[in-house]
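Let me begin by presenting the structure, written as structure tokens, before commenting on it.
Naming follows writing order (A, B and C), and every chain is counted from residue 1.
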Amino acid sequence: MPLSAQLELPRTLPIAGARRLAGRAAVSAALAAAEDDAQRRQRKQMSHAARLAAAVIQGALSAAGWTDGRETTGAFLGVGGSGAELAELTALLAGSTADGRFSLRRFGERGLGAANPLLAFQLMNNFTLCHGAIQCGLGGPSGAFFSRGAGTVAALAAAAWAIIEGQCPRAVAGGADSALHPVTLAELRRAGALGAGLVPDEGAAAVALAAEAAAAEVELVACAVLPGEHEGPQPDSALIASLDPLPLRSALQAALATAVLAASEAVVLSAAVPQLRDFLAAELHRALPRIACIERDAPGETLAAAPALALGQAIELFAHPAHGGLRQAAILSIGLDGELGVVAVRRRA
Amino acid sequence: MSEVVITGVGVVSPFGIGLAPFFAGLRAGGCAVGPIRHFDASALPVQVAGEVPLPFRTCAPCALPLMQLCQTRLGIILDERSQAALYQADHAGALADRKVVFATLAALEAWRDAGCGEAERRAPSYLGLGLELGLLDDLTDLLDAQGGGPLDFDRDRGEPLVRLRAPVDLGASVVRRLLGLQAAAVVNVSACAAGALAIADAAALIRRGHAQVVLCGGADSMVNPLGLGGMARLGAPSPRAAADACRPFDRRRDGLVIGEGAALFVLEAAERAAARGARVYARVLGWGSTQDGYRVTAPRPDGSQAARAMQQALRRAGVSPDGDAVGYINAHGTGTPLNDPAEAHAIAAVFGDRTPELPVSSIKGAVGHLMAAAGALELAACLLAFTDDLLPGTAHHREPDPDCPIRVLGPGPQPARIEVALSNSFGFGGQNACLAIGRPRP
Amino acid sequence: MSPLARAAIHGWALRTPLGSEPEVLLARLLAGERAASPCPMYDASSYPCSLAAAIPVPPLASRRRKFLPRMGLYAVEVGVAALAQARLRVPQLATLAPERLGLFFGYGGLRAPWDELMVAMAEQRSDLEASWERGLRHLHPFFMLQQLSNNAHALCAEEVLARGEGVTLSGPNAGAQALASATAALAAGAVDAALCVAYDSLLAPEVLIEQGLRGALTAARTVEELRAPYDPEAAGAVPGEAAAALVLVREDWPMAPLAYVRAADGADAGAGGQQGPAGRTLARLAQLVLTGPVSVVDGAAQAVSAADRAELAALESAEILTADARLTATLGSLGQVGAAAPLVQAIALATALRAGQLPPVAGLAAGRAAGAVRLATGAMATAARAALALSAGARGFGGAVGIEIEGASHG
């Protein structure tokens, strides 16, 4: 199947609403404001990323005005690694030591008991999605996709196709993650990503997609993940598949040659490190010199949240008075997974 | 739209390495649950599991033992490129996670079984994978290095503070490099529904014409201290350290048993499979996905959303629940007090008057709950209905529960010739998936 | 009482002409099988010795194939397999620091790789003129790597991540030397675990020719003509091949081992007859590894009448046998396996003791004993928990291994 057919959706989907939290400051403010009593009680079951996800899922639903029909609304999210709260882990470890070293026996006899009994609900990756889905009463199809970028675009595509193929009339899709989790941060440091210019941050974003949404101003036109041509050995870091842009050159050039991207007037670039961003910008400039290249406004790398934040940013362009004439925008994202995410949105006629 | 068929199967289960021991275990009505052997679980609240009998430790270099296992048990000899990929993965520490080893073995078996090679290198892969391993190991190393004091992640050291040994998608990455796959890998982490959802997504991809061949399935291992301990704190596993700890749909049930393993499939467009004369195990007819949206700690007691998932699968398959097309349901059947009746009510809601005669079984009593791999392994179990005209039994089910008003097969397999089977996966967090598969066309 | 420390065996693996699993090997030994057949590797029908016992399964396919000859591949295989088993049995081994795991290799010595050499040498002149063009250029680029004495050791170290002290030894009793070195290193605390590997093949043409002419190898043309070791009319052994590995730790580790082992090696310049060590040399080595009289002996099985008689006489006079002692001969079934013998015998004996069964001297008819020591002429039950294995090599080299299983009394 030609790339354009894979990239472009067979029908456009209105984006009825969106919500995004970009960066640590925005996250903190939003979380403090958003919690009610029930959510505070539920907090001990939720990882930090789950709280972010719940906030943007709720926000997207509110922005779309979807107060009913939630039992058939789907939810698809790009999620990051285990989000266990450090306080729980340190309590668990503190109870598991003998003579200053970890003891499996102490772990079983004492350490486990020192942690929150619902720790598993923080650990399990899908609960980043499920807490928000449960809080909002979503009952449609769902998918939690592991993501360092591309998985979130896959989640978006899964949501789009679920609607197109009639699995559900509506779906929320996005990503939530924190590169500031100490375990993740330590690995990023060890893998040399920080030295390569990666700025760790956190965030979340979600869009509300629908088969029909009369009031929507923007619609989803294209969405796909394009793989890189990676050869060579397994990388030493488990977290970073590749920071080398060259394996993605063919995929990017092919994508830029498609009609759907050529029709875009602006592109939001989301890249994990500066060299990937520069690569995107250079190839874009070569292939589509007239296109406006826009840096993502969340400069830090938010892993699973990054493409969703960029999508949210692109959607906001259409509402900005300075872009009154904007007809179509695209998002190009490259995360630590070495794959290219391509999304295109268009102003509805 | 293309019809989707299964042309290759690879399995690693507590019954052994390969599809053959898995089928042999099911045919014999056996049970592979037993004391945990690959680490000292004596101090943990859970001491039995469905453990894969891997003949080497993955925490030590294991590329050569893994290759030897491929050769001796699966009859697969890796070419130079694959050997190099395996050694590189081992050197990078990627094989330390047991589920990565399981995914590797299952992928190799499925790929060879389907007769795939260079022509299929553009196949995407959709894998359901579970929690990353190593989080506890990473932190305990850090703790030891700091002399047991409070964890300090910000201290600047020359050596890495923490090493994430096995993030969730590592298995997919290793499999891609091993088989030389060039297309994207999508990793579904929807807990107990992950494997089934990955297969559904793969089938959808072929049906809409975006791919001709897809590698899909699930691999998981929560048979480790944090996995078992975390589950134990939830109260999900049975407190009994016995082989019959998990008794699906039995009146005496008191919890699940955690298992580990992998099942991978090669899904293919039917016309492509026919053109190359490939063996077809089954047709993937339909799938359904819903969420309970109810509570974190429990499924919907009425099973209404689970029922909707089954109805969606049947609708997509073009099969009515009223007729006799559906001949068997492989239940999620975890053996927990809450899940089993909820699922039973869901089945009854879908099949109505047919419910008392419709055979249902769960293999979780025999192999444990494989979490992200459960849906995939249980789909493999359904294939026995088409290869052997045999429905897998329900290990340790001896006393039916009036709260589960469905026809649950006993421990032994039952001969039956059926046309359509359903496989249910209802995951933690309320994610529900149902797959419908059909007998291959004559 | 033996002055030697004993080590605990927690993993083992082998490749032999009668099987690659200890239990399979024992079953075939108990059945009295002999691995001898007309040499399957090449046409040796015109050689002084034409019978051989070859490992029937090829080495597993491995990327090491370019760097190792056939026996070297087996060596790496058994080393990795033994360590994988040991790591399963003893979790501490899985997390042992690489610097504390030592490798101790013993192999029989370089054998001429005839297939490759013939290509390179067939057209050579005696004055070596234009030797490169005449054939040396056809040598595989890795030819020298394949001939390096310690290549298997190095590649095995890479496979199992071993960076501790170790050694590669070469010669007819290199297996016993390696085993003795390993146990000494453990006792000295130089390493915490030792992987000991021994491998050898006597199937090379030059060995069949030389040893056949010396009378050390049988001239029988068929298995039916073959005389068993300790038969008064025995006239030469069958050449064989094997690779075997043991994983050893100090005996103070808490886990119950597969068996315990002591090893000793020695030589007497072939004073004992045509080739092998004198009987008294073997007896002396035996005394080094035993803590008391034993009732089970796996003899050197040289199958040369004089040497066999000398061995039995020396054992009897050294008072290291119990009154009800029986002698078996693993090497009589497998063929002489050179440097690999001590490790193969250790595994076979330990497996036999654990099963409570003693194999016979294969092919030895009842009543044809060569001396006063009673030979096992049929499979029999045994309650023995200790045993002695003896091996003899060319030029007077010898080895002795003492095996004990749990429940054996020791000093």
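Convention: contacts are C-beta pairs under 8 Å (C-beta built on N, C-alpha and C of every residue); 3 or more make two chains touch, one makes a residue touch a chain.
Not measured: the values here are computed from a predicted model.
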Using the touch definition from the top, what's the fewest steps needed to get from chain A to chain C? 2
Which chain is in the middle, if each chain's centre is the mean of its C-alpha atoms? B
What's the farthest chain from chain A if centres are computed as the mean of the Cα atoms? C
Consider the two chain pairs A-B and B-C; indicate the one with the greater count of contacting C-beta pairs. A-B
Taking each chain's mean CA coordinate, chain A and chain C are separated, in whole Å, by 61
Distance between the CA centroids of chain B and chain C (whole Å) is 46
What is the distance, in whole Å, between the centres of chain A and chain B, each centre taken as the mean of its C-alpha atoms? 26
The positions of chain C in contact with two or more other chains are none
Give me the residue numbers in chain B that touch at least two other chains, ranges are fine. 39-40, 84
Set of chain A residues in contact with two or more other chains: none
Chain A touches which residues of chain B in the complex? 39-45, 84-85, 88-89, 91-94, 129, 131-132, 135, 138-140, 143-144, 147-148, 150-151, 153, 160-170, 173-174, 177, 182-191, 194, 197, 201, 204, 208-211, 225-226, 229-235, 288-297, 305, 308, 312, 427-431
Per the touch rule, the chain B residues reaching chain C in their complex are 38-40, 55-57, 59-65, 67-68, 71-72, 77-78, 80, 83-84, 87
Touching residues (chain side chain C, partner chain B) in the complex: 60-63, 76-77, 80-81, 83-85, 87-88, 91, 93-95, 159-161
For the complex, which residues does chain A have touching chain B? 1, 6, 42, 45, 70-71, 74-75, 79, 81-82, 84, 86, 89-90, 93-94, 96-97, 99-102, 104-109, 112-113, 115-121, 123-127, 129-131, 133-134, 136-146, 150-151, 154, 158, 161-162, 165, 167, 182-187, 189-190, 225-227, 229-230, 233-236, 238-239, 241, 337, 339
